[in-house]
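Next come two complexes, and both contain chain A; in the first it sits with chain B, in the second with chain C.
What follows is the complex of A and B.
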């Protein structure tokens, strides 16, 4: 089969952006200014090309889901494998399944939208290539089917994001960028040790396929998952109970910090508040999902016993993230910080979805990843517009912007409504499914369904802070518009056309996936059911009423 | 590697083939002494008017009077030596043992060849980079100052060559006495090299400190050697290994060799700058000119590792399965202390050279952790399984680390060297705005920093990954097999060196802080007031930096070839685990 992934989706964006940046860095200041326009048009076209490529993949192979191998558990479409480091069993191995494809498509979608939304970011000759580089690295994470390659891209995403925050960020950007880097790096080196330990716990006397010539073990994910599934069956624990729990915990640490879940979430608000708009959009839109994606790809597939063992812990982490994220939101006076904490609470929803251990909960978590990936860039684009045009994001500092900036007000209202889970918008579908899966879980475990009150109440709190902030900034004040003090009495502009375009596209997609969620949800559902039937049912039986 | 080792007597048929790189060094050494002195000197035969020219001294010929000439001679010599090592790999490496009667002196095999490459490569890069570092004057300038400065050029490069020679001898030595000779040759040259940086106040002070602490450490090491000789009656590595094996048997080690081993550990511990013997290192690095500091951080460290490997892994034999090797625990503790201390001290240092010095202390800790793991290869006959493979893997990781360290650690020092040619580099703020002044240098430094920190896909990540993998492989051994035969095992059942890997990864996270600080300073601070615009310096040092950048990235992305080379070298260590 042709290789549809390595070159067009991973190699091309990374190499093209590196070449552009290297060329630009040798130009004089004036030439750089002149080159901004051609560069951003080129990058926009590149990224639209990527979007077209992944959309074509969707139409060719995914619409007719029965023909899509990636739906079945541990099967991958477009799977290609090349030798990388033979002695250690490292391969450049890429493929897509219904877990990774929506994420890849989301990344390629957000690239052009981010570029359009932040069309005139300063120092654009470096900014736009950096966004493209970020996109290439993110896609690399999602398509990697080799633990080493996965880890390489996992870390590689840090570098462009670090520079995006540091170069284009706000006042406190140095602190935020370093905190972001060090938090996630620390967690991921622990994860790396977990991966290496897992690697060496393969049986050397009976080596798997694709094993290294020097070590007799392999980094190949499909091979390891297959091997783990065999050894997890019949009441056995792959690697034995205590070992499985330890490695599960080490991997989960890396993913939970990235997600981020309380209590590892403190890097996120700092990073978001200081990051430029484009950085925030990609950070919230795709980068956080790397954590959830990683959980599905490795711990869940390899260590279902340990997942069941830690089910309540994960549930508790999810609940606490959900509740704590919303409560902290209530106290924020900074628009962007509020949105950042709302991300924490939505990531809690994903955690809960995974912890229900129901196919529906998993599908809901997958759809939440996807929906949040469309809604949160919208939120951050709005915040960025506030910052860009009013030089302030203080909720208390402005009143009645709807009168002066109808476009911004409309966009904000739409995004806020989408994020609080208005029916017929994408976020609602995911939240509803998680609640249903949670209900199933509670009934099956014999717990009181009163536990549902928590998440339900939180949704009310969410509505409260969103409505409150919206009312303060755009509605209140009536005829007496109060622009933020930072405007210094200048006329108040509405958002620019390119921002309108980006926000409009995101809004349309939010509606599209809210009204017709099955476009994406079908494959997620099928995949969840397949992994549940292929992985959980043989091991644990049809326990706690899995649907 | 099936060829037998060829024994070579002094000046035998194979002598020049075997010792070709060292002979090139000797030739270069003489060339350095003679060529800059070639002149129109004549000698009048007493009682006559006949003047016989003898060419040494007098008015120098113009081509030989160029003050840059010694730099070129040394560089070419080192590159030739490096090339001759490379050539020896052509068509399968032949192994030679230089013997004198029944005494084995020098062993030439994959292991020592690899180290020769490290030494010559690092010193050649430093020599290239030093070429326009030291002040020189036109040869027509006859002032004392000019003559003096031009004269220093030759001295400096002679010392570089003797350092290379000493290090090569350490790598080859099969006799502790020969090893000590090489060690001292390299050490004394490097003491002088450190103090050679007379442009800065710290140079002399650093050299003095380095000399005093270094000679005390050597003295202690020498005392250890003499005790070993007292105990075994020999300093031959092979015979010592046999003696250790015999002594170990049921009753455990006798005290004398253990104390001797401890003393020797101090001597080599200083060379690798392991805590708590590292105190002179930051002063020496900060005082020395940057290329010399780069040599200390890479080649000199590799020399210490050779010594430790020979002493601990060959002589003192690995841990038996009854956990009796005391040195293993000591080395484990030493490695943890070293890496943690190095990283924490680096956090607080504002001088980039001291920061790099502490980071090299931390790297020494990682390598000591690797050596500990090798010692543990045989920890449990059931669980360790093919422990020998694991030991080879750790050794491969250490060698790989030493090779790539030359790329990014030396490279970082060379970037500082360019900055130094403009003025002092004793504060982090001297690096400010480098990205605006010299974008390419800033990118190079960025690559070196993230490589040092071990961020993929740089070679530093590969070396760290290999080290972790090696340690974990030793610790896990055959547990995979045992688990699938139904044993319930946990991390607690693995060998305790697994925890060294955990401490190592946490340490590499700590190290992120100070490497990031360099990047932030270069990219996000405006240049200091009087330090604006591009830096003065020639193309030579830039070429060296460029080579380092290429290698740092290349060995990260395409590591297979180097891993195989290192594995071959590790295999040739010819030590009991290789045969298992």
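What follows is the complex of A and C.
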């Protein structure tokens, strides 16, 4: 099969952005300013091309594949494998399935939208290439089907984000950038240890072992999953019970920090508050999903026994993230920090969805990843507009802004409503599905119904903090608006046209996927059922459920 | 009585459904009309206020266009609105033959029918009667305070008629409310078929009306016969009488009103002059003040929200920064301190390094020796 992924989706964005940045850095200050416009137009057009490319993939332009549905477990579309380091079993291996494709499409969608929303970010000759580099690295994570390559791209995403925060961030950007880098890096080093252990513990003498290399071991994910599935069957634990639990925990630590789940979440609010708008949009929109994606791709597929063993822990972590995130939101005074904590809460929903071990819960978690990927950039675009135009994000610092900035107020209201789960908007579908899956799980497995208290409480608290923050910024005041003190009595602007465009597109997509969720949900559901029936049912035969 | 399994109980429930559904309809018409009419009054009072005080547009404006204290004597100034309000009030009160009377009477009768069967339902049945009397009081109070009596201030004296966009729906709703008797005759209280007859079936319109009239005013059952007149006495006589004795009165001298208001205002004037009494004691009693403050439920609800929920979430946010993130910062701080100590070993002096190499070599020897 032709390679539709490596060059257009991964190689070209990364190499092109590096070349642009290298070239621009040799230019004089004056020339750099002149080059900003051609560069951002070129990057915008190119990223629109990427969006067109992935959309064409979905609509069978290249290969007839029924929209990523009906792919058997551990099979991949557009799969392409090149030998990289043959003796060690390292490959450049790329492919897509219903788990990774929505994320790749989301990334290619958010690239042009981020570029449009932050069209006149300062130092644009570096900023826009860096966004593109970020996009290339993120796509690399999602398409990688080789542990080595996966880890390389996993860490590669940190670098552009580090510079985005460091160079374009707020007051305290140095601290935030370092904290973000070191925190997530430490966790992913633990994950790397887990991956390397996974590599070394493959038994080359096993007749089923990978025979393609000198070492008899491989980094190739489909091969490892295949190998693990056979070794997991018949009541056996792949790698042995204790080792499976240890590697599971090591991998999960990396993913839970990235997700982030309470108590590993404190890097997120700092990073978000200091990050520029574009950085926040990509960070919340795609980067957090790397954690959830990793959970699905590796621990869930490789270690179903350990997943069942740690199910209670995972459920508890998800529940704590959900409840704690939303309660802390209510106590925030900074708009962006509140939105960041609401992401923690939403990621808790994903964690719960995975912990239910139901196909419906997994499909819901996948859809939540996707829906939150559309909604949260909208939230951060609104926060960015507040910062950009009013130089303030203090919730209590302003009043009645709707009077002066109707566009901003409308966008804010829409994004806030979408995020609190208004029916007919994308977030609602995912949240409702998680709740139903959780309920089915509790009943089927005989867990206490009290687990439902958390989600029920959070529904109210989430509505409370979103509505309350909205009331305190854009409403309340009637004729007496109170612009933030930072405005110094200057006239109050509304958002610019390019921001309106970006927010409008996101809003339309939120409605589209709220009214017609099946566009994305069908393949996710299919994938979840495939993995449940192909993996969980044969291995954990006695497991109840299957909604 | 076994409500789930006794078929005898089911007929009671079904007939009450019919009355309740009919009441939903009547209530929708009358209450919609009342809101629209009161909106029209508020709009005109506001307008009159602005007209009179057009030079002071200050925000310190204390004038409340919704307060009945700022109205009075509007019957001569807003005839259509006053008519709609009168018909709507009568319908809500259950004044005989008008709108809500038909359904309300059915509900009261059924409530008592159930109470006779099952004594647990005596309390709700009594509440229904009490409610009917109180409705008679407060609806009359609203009408006479707004439309009868003398204008309470300069603003009320300058209120103009309402505009025709509001008049049209008011007229339609008034018409529907007044023609409720026809709907009753069509068997609207019998949506769900009962033992006697069903909606739009056996009886013609005239027969239906005659049946409903007879059923309401000349019931064969002595208990229900008396009950009807007790309900009418409470909601259409005692309640309005109490309200008229306290509020309203004659219109301003020289003000003329439509002929259908005249008996109402004359009655009001007569009751007001003859039976007026001082209600300050009740109005300033603790119960009245508690009721004005909605029994303080909102107050304590707000208090609980602000103090408990917001307080807890603020504490949670603090905990998140100080304890969870504090732990991370502690790790960061300690590891930096350790690295400072370790860094101090890097002296740059060749003698130190040779010493370390020597120690290391010795250690390796010891280990090899130990293992071997």
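Miscellaneous remarks
Please note the rule applied: the second predicted complex is superposed on the first by the 525 of 547 C-alpha atoms of A that agree within 3 Å, B and C clash if a C-alpha of one lies under 4 Å from a C-alpha of the other, contacts with A are read in each partner's own complex, and residues count from 1 in each chain.
In this text, contacts are C-beta pairs under 8 Å (C-beta built on N, C-alpha and C of every residue); 3 or more make two chains touch, one makes a residue touch a chain.
From a predicted model like this one, the values you see are computed outputs, not experimental measurements.
On the shared subunit chain A, the superposed partners chain B and chain C overlap sterically.
Look at A:351: by the touch rule set out above, it reaches neither chain B nor chain C. When both complexes are overlaid on chain A, the residue A:225 reaches neither chain B nor chain C. Of the two partner chains, chain C is the only one touched by A:266; chain B is not. Of the two partner chains placed by superposition, only chain B is touched by A:25; chain C is not.
Of the two partner chains placed by the overlay, only chain C lies in contact with A:332; chain B stays clear of it. Within the superposed three-chain model, A:88 lies in touch with chain B and out of touch with chain C [touch as defined at top].
For chain A, the partner touching the most residues, choosing from chain B and chain C, is B. Clashing C-alpha atoms with chain B appear in just one stretch of chain C from the list 37-45, 55-63 or 361-369: 361-369. Applying the stated touch rule to the two superposed structures, the overlap between the chain B and chain C interfaces on chain A comprises residues 182. Residue ranges on chain A touching chain C, taken from their complex, read 179, 182-183, 262-263, 265-267, 270, 324, 327-332, 464-465, 479-480. Those residues of chain C lying in contact with chain A across their complex are 59, 309-310, 312-318, 320-321, 324-325, 327-328, 332.
Of all the residues in chain B, the ones that touch chain A in their complex are 385-386, 389, 393, 396, 439-440, 443, 450, 455-457, 461, 465-466, 468-469, 472-473, 476, 478-481, 483-484, 487-491, 498, 501-502, 505-506, 508-509, 512-513, 516-517, 520, 523-524, 559-560, 563-564, 567. Residues 25-26, 84-88, 148, 151-152, 155-156, 158-159, 162-163, 166-167, 173-174, 177-178, 181-182, 185-186, 189-190, 192-193, 196-197, 199-206, 214-216, 231, 239-243, 246 of chain A are the ones touching chain B in the complex.
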